[in-house]
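You will see subunit A twice below: alongside subunit B first, and alongside subunit C after that.
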Partner chain A sequence: MAQKRIVKEYSELQKNPPLGMKISLPSEADMHQWQILIDGPKGSPYEGGVFTLQLSLPTEYPFKPPTLSFKTKIYHPNVTNDDKGSMCLGMLRADEWKPSSKIDAVLGFARRLLSEPQPDDAVEGGIAREFKENKKEFIKNAKAWTKQYAKK
Partner chain B sequence: MSAQSYDTFILAFSDPASISPNPQRARIPANLSFEIFDDSHLRTLSTNNGGGDIEGLLYVPDLDPSDPCVNISTKYVPSNVTRFSDLPPVQYQYIAFAPWISAACTKSYLAAAQGNTAFMFYLPDNGNTTPPPVNDQTWNLNDGGQWKAQYKFPVYAIPGSEGTTTMQQLAQYSGNSSNDKIDSILSEFQFDSSDYVRLYTSFGTSGSNNLPTLWAFLLIVLGVVLLLIGLTSVTMHYFQRRHRRALQRRVENGEVDLETLGIKRSHRMPQAEIDKLPKYIYVPTNDTPDDKGLGQSSTPSSETASDNHTFFSQSSCTICLEDFIPKTTEVRSLPCHHIYHPHCIDPHLASRSSRCPVCMARVLPTKNEPITNAMVRAERRLRERQRLHGVSADGIDGTTWLTNFRRQLERRRRVFSAPGATSDTVQPTRSQIEMNAVAGRAVSSPLPTHTPTVMSGAQTEARTGEGRPPPADVTARRAHMNRRLSRMRGPERTLEDEEAERWARLPRWRRAVGTVFPGFG
Partner chain C sequence: MATPPPSSPRRLSLLQADAALQRPQVNPVDLRSLEYVDPYDHNLMCAICHSPFVCPVRLECDHVFCQRCVNDAMSYQDRDSRVYIVSCPSCRRKIENRAIAPVPKILSHILDDLRVKCPLEFLGCPEVTARGDVQDHVDKYCAYAEVECSSESCLLTVLRKDLVKGGCLHRVVNCEDCERSFMEKDLEIHRLRHCEVVESSCPDCNVPVLLRDIKVHIERCPNAILLCNAAEYGCAFAARRETLDEHLNTCPLAKLVPFLRLQNERLEAHEAALKLLRHKNSILETSFSTIQETLSPSANLIDAPSSSATASDTGPFDSTAHHLLCLHESLREEVSRVSAAVSEVDAKASMMVMNESLRIKEDLSHANAAIGSMRMQLHWLMSARLQNQQRVAMVRAQSSGEGLTSSADAGSSSGSVELPVRRLSDSTRQDTKL
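So, the complex of A and B:
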């Protein structure tokens, strides 16, 4: 069932790709690993950058949520600042995930998160504090990182 | 060393004194000579031994000629019996052999033993039974048992009949080739005519006889231990069940609301309960979808009765995303009126959660959810915490209340701003409902009282009126307090998650212990 649904969602997303995203499979044989390229949203400090994300679908999908991680380094309160680049919040959390949620929504969620970080659900406390208390500095840093790591 | 068996046989061997180029020894088969093997009637009287094999050439010690025991012994000891002097003086071990006639004579024999490895006695009148136990009066030498310490070799006793036979054989195989029997053996086994043919005795110290008793003992110990473990396990299971039942009763009486305590957020459903959920043949809504949803259109008057068809606006299964085929697909309807393929929803309900994947409404009435040991533990833990924190219906202080309020507001804001929380909602705007189940099951009133809405845990809490001051009447106050407690619990996690994680962290043996002894640790 998981496989069928994944294929269905994938082909739908190929037909109707979400704005500013490119979805591909690193390996045709493995439908559970997707590669997503997201353009930094306009008006956000990530504008101009392209971020590579990895979407992993568990075998229990859709009963368990997919995991989404940034392969491109990003200065963001909700993304871990390590080589994993993992994020776990909102609908991606196991206890908030609903099997009826679709990957389309997950990707939309990720994109919106770039525009509107959620410092209260932060994994990077320092960045979250900066975001709340010194927005200017945050924007400066995020832009610098985008330039350095997420160049087109 | 205590022995369990002994073996006396005839041994032919080269004279160690001769300069034979290749000295040999041969055990003469019993059919050509004589042998006694006994592994059930040997009695160990004294266990002195430094270790090693207890075996050697058999002989009867020479008593002092003036000893009255010489005369007393003649009745039992033939004059031509093998003496120490009939044995080679080197290279072999020796086992003394004598009848146990009296305390005095035994003392004499013990004293006369030479170069001994062991002493073997027999009670001439003992027949073929095992000699009496060590502490029997028979073995009393009137010295308080001191002889055992005095003679540094083990002392054994064999049955009388065997002793008598051995004594006779010891007389036959004592001399040199003057004896026909010895002659024929020596020549048959190609020994020198000056070589020896003698009785040889070997004691089995680790005989097979001992092991069964040891094993039996170990088995008994093991059995007792297992029995104790079993009894403890049964008792613990019994008490756990009592606790579960007690909690169940309190839940049924409405004394405890596990849901607000946050103890049960998701739960698996027994297959039997799943089977009770109605199945229908899918028929799409054929009139225009009603914006107001169920409220108006699902009045009985507007229903189109048909025997086994149900009309639903939800056109696809949100689990597999496949469309339902009108009048063909069988769908399972949950109490919230969301419909799925049975093969999609059943495994979910059975193994993951008893909540609707779309709206998270509980499928199983709270009352029917089984109480688990983990719930009992969690409930007790919460009660304990409640006691420790001094939270009572009256003891709500302003600061915590304010903090909670603030946190609540924050939470609400986050929930509403969180994308996805509402975007993927499929609301069943059931306009026409026909509730005749495929299975022919009678279904109680299909009328929903309100539109099912998407409610995450946080929203549910947000709606519970947390922002208001504690209500005045007792039941409302209790509910309020329960909600406060559920907040103290920390992040939203299901008990099952916690339990599974806790379980997974434990080493395998702790899991086994936990299964056998529920409630332990």
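So, the complex of A and C:
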């Protein structure tokens, strides 16, 4: 059943991709690994960059939440600054996830998080503090990282 | 009803045999992988499997899912948590009672009515059916479903449409031309589509062509005799493919083809519209005639005296109904005019009554005032008289005590006593009152 639903959601997203996103499968044989390219939202310090994300759907999907991680380094309070680039999304936590949630919603949420970081729910404390106390510095750093890592 | 012959098997066993024949194998159709012909309402989609519900059930919180999806969700939740508690996959409300409730029948009916393609479409089945019937279709009717071979000794399956050919279709036969061996059931397809030896010839150029390629060849054959594009509009030209192109450049009819086609389409559209209008008109006519029939008794009464006169020419009115309608209209106008007049008169009368009553009220108050002043005067006169009498009585008592006095004296004295009592102020007050 998982497979069928994933194929369905994938084809729907191919037909109507969310704004500023490109979804593809790195390997045609594996429907559980998606690659997503997100354009940095306008007006955010990430504007002009293209970020690669990986969406992994567990075999138990939709009963278990998918995981979303940044393959491109990004200066953001809600994304871990390591090679995993895990993203902290409330709706993706095991106890918050609902089988009726759709990937479309997950992606929309991720994009919104880029426009509006949530420092109170941060995984990178340093960046969150900077975001709260010295926004100018944060924007400068985020722009610099975007230029360095997320060039088109 | 005819009784069955004594040798016939009992009815029940017949039924069973019948069922066995019709359901050679139970092969449940996976309703989730069907292709739905029309877009369906997203409310009919299970939030878990994202297909229209299959065997929907309702949880305590009124959320509906497929039975299997709910079971899966619960078993996953059970595996994760040690406590025996599950929650709704949509609203995460705790579910106390795992007994799931059925959904209203109407939902099942709506789901069963969704149009789907036959799951064997990839084999060539063109059937589109309601989802509720698709299992039946595959089990009993679909020509592309696999059924047991009609030969009892054979365990293989054939497509239902090939069953009518009779005999076991799994015998190995050789293609006459390429000498490769096939099962009989596959031979036809092989010869039509795949065989590389079977030959046929093009009807136009007489060149031998492989049977499997003949369709492609006919479309391209340079010798084929083709008709002018404007053949349906009257051009009788027919020539080989090569020379046709030259003709098309010069043929005036061929150039008109797009225009003529457009005209034809418009004509057809107009005809369709006309047909619709005609239909509408006939409906209106029948309803009009029924109206006329209901009206006819009264119409006859009216027309009866003048029927002989109006028999030849119907006068200013097309029909009795028209006449009646006119009459009705004029009567209605009359009635409205009369009612307007009545209301006018009513207003006038009420105005008059009001004026009159105001005047009368004024008069009444005047009269009241006059009566009041009269009463005052009367009072004054009465009191004066009373005083006078008392005085006379006192005088009499004195005179009887002192000596005798004449009654005439008493009369004159009473008149002289009265005058001084009258005050001037009284007379002035009466003037102001009146």
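Please note the rule applied: the second predicted complex is superposed on the first by the 152 of 152 C-alpha atoms of A that agree within 3 Å, B and C clash if a C-alpha of one lies under 4 Å from a C-alpha of the other, contacts with A are read in each partner's own complex, and residues count from 1 in each chain.
The criterion applied here is as follows: contacts are C-beta pairs under 8 Å (C-beta built on N, C-alpha and C of every residue); 3 or more make two chains touch, one makes a residue touch a chain.
Because the structure is a prediction, the values reported are computed rather than measured.
Overlaying the two complexes via subunit A brings subunit B and subunit C into a clash.
Of the two partners subunit B and subunit C, more residues of subunit A are touched by B. By the touch criterion defined above, A:Gly90 lies against subunit B but remains apart from subunit C after alignment on the C-alpha atoms of chain A.
In the superposed pair of complexes, A:Lys4 makes contact with subunit B and with subunit C alike. Of the two partner chains placed by the overlay, only subunit B lies in contact with A:Ala105; subunit C stays clear of it.
In the superposition on chain A, no contact is made by A:Gly20 with either subunit B or subunit C. Legend: residue contacts after superposition of the two complexes on their common chain; A:Asp120 is shown touching subunit B, with no touch to subunit C. Counting contacts as defined above, subunit A residues 1, 4-5, 8-9, 62-63, 94, 98-100 meet subunit B in one complex and subunit C in the other.
Those residues of subunit B that touch subunit A in the complex are listed here as 265, 318-322, 343-344, 348, 352, 357-358, 360, 410, 414, 417-421, 423-426, 456-457, 492-494, 497. Against subunit C, in their complex, subunit A makes its touches with residues 1, 4-5, 8-9, 60, 62-64, 94, 98-100.
Interface residues of subunit C, counted against subunit A in their complex, comprise 32-33, 47-51, 68-69, 72-73, 76-77, 80, 89-90, 92. Against subunit B, the residues of subunit A that register as touching in their complex are 1, 4-5, 8-9, 62-63, 90-91, 94-96, 98-102, 105-106, 108-109, 112, 116, 118, 120-121.
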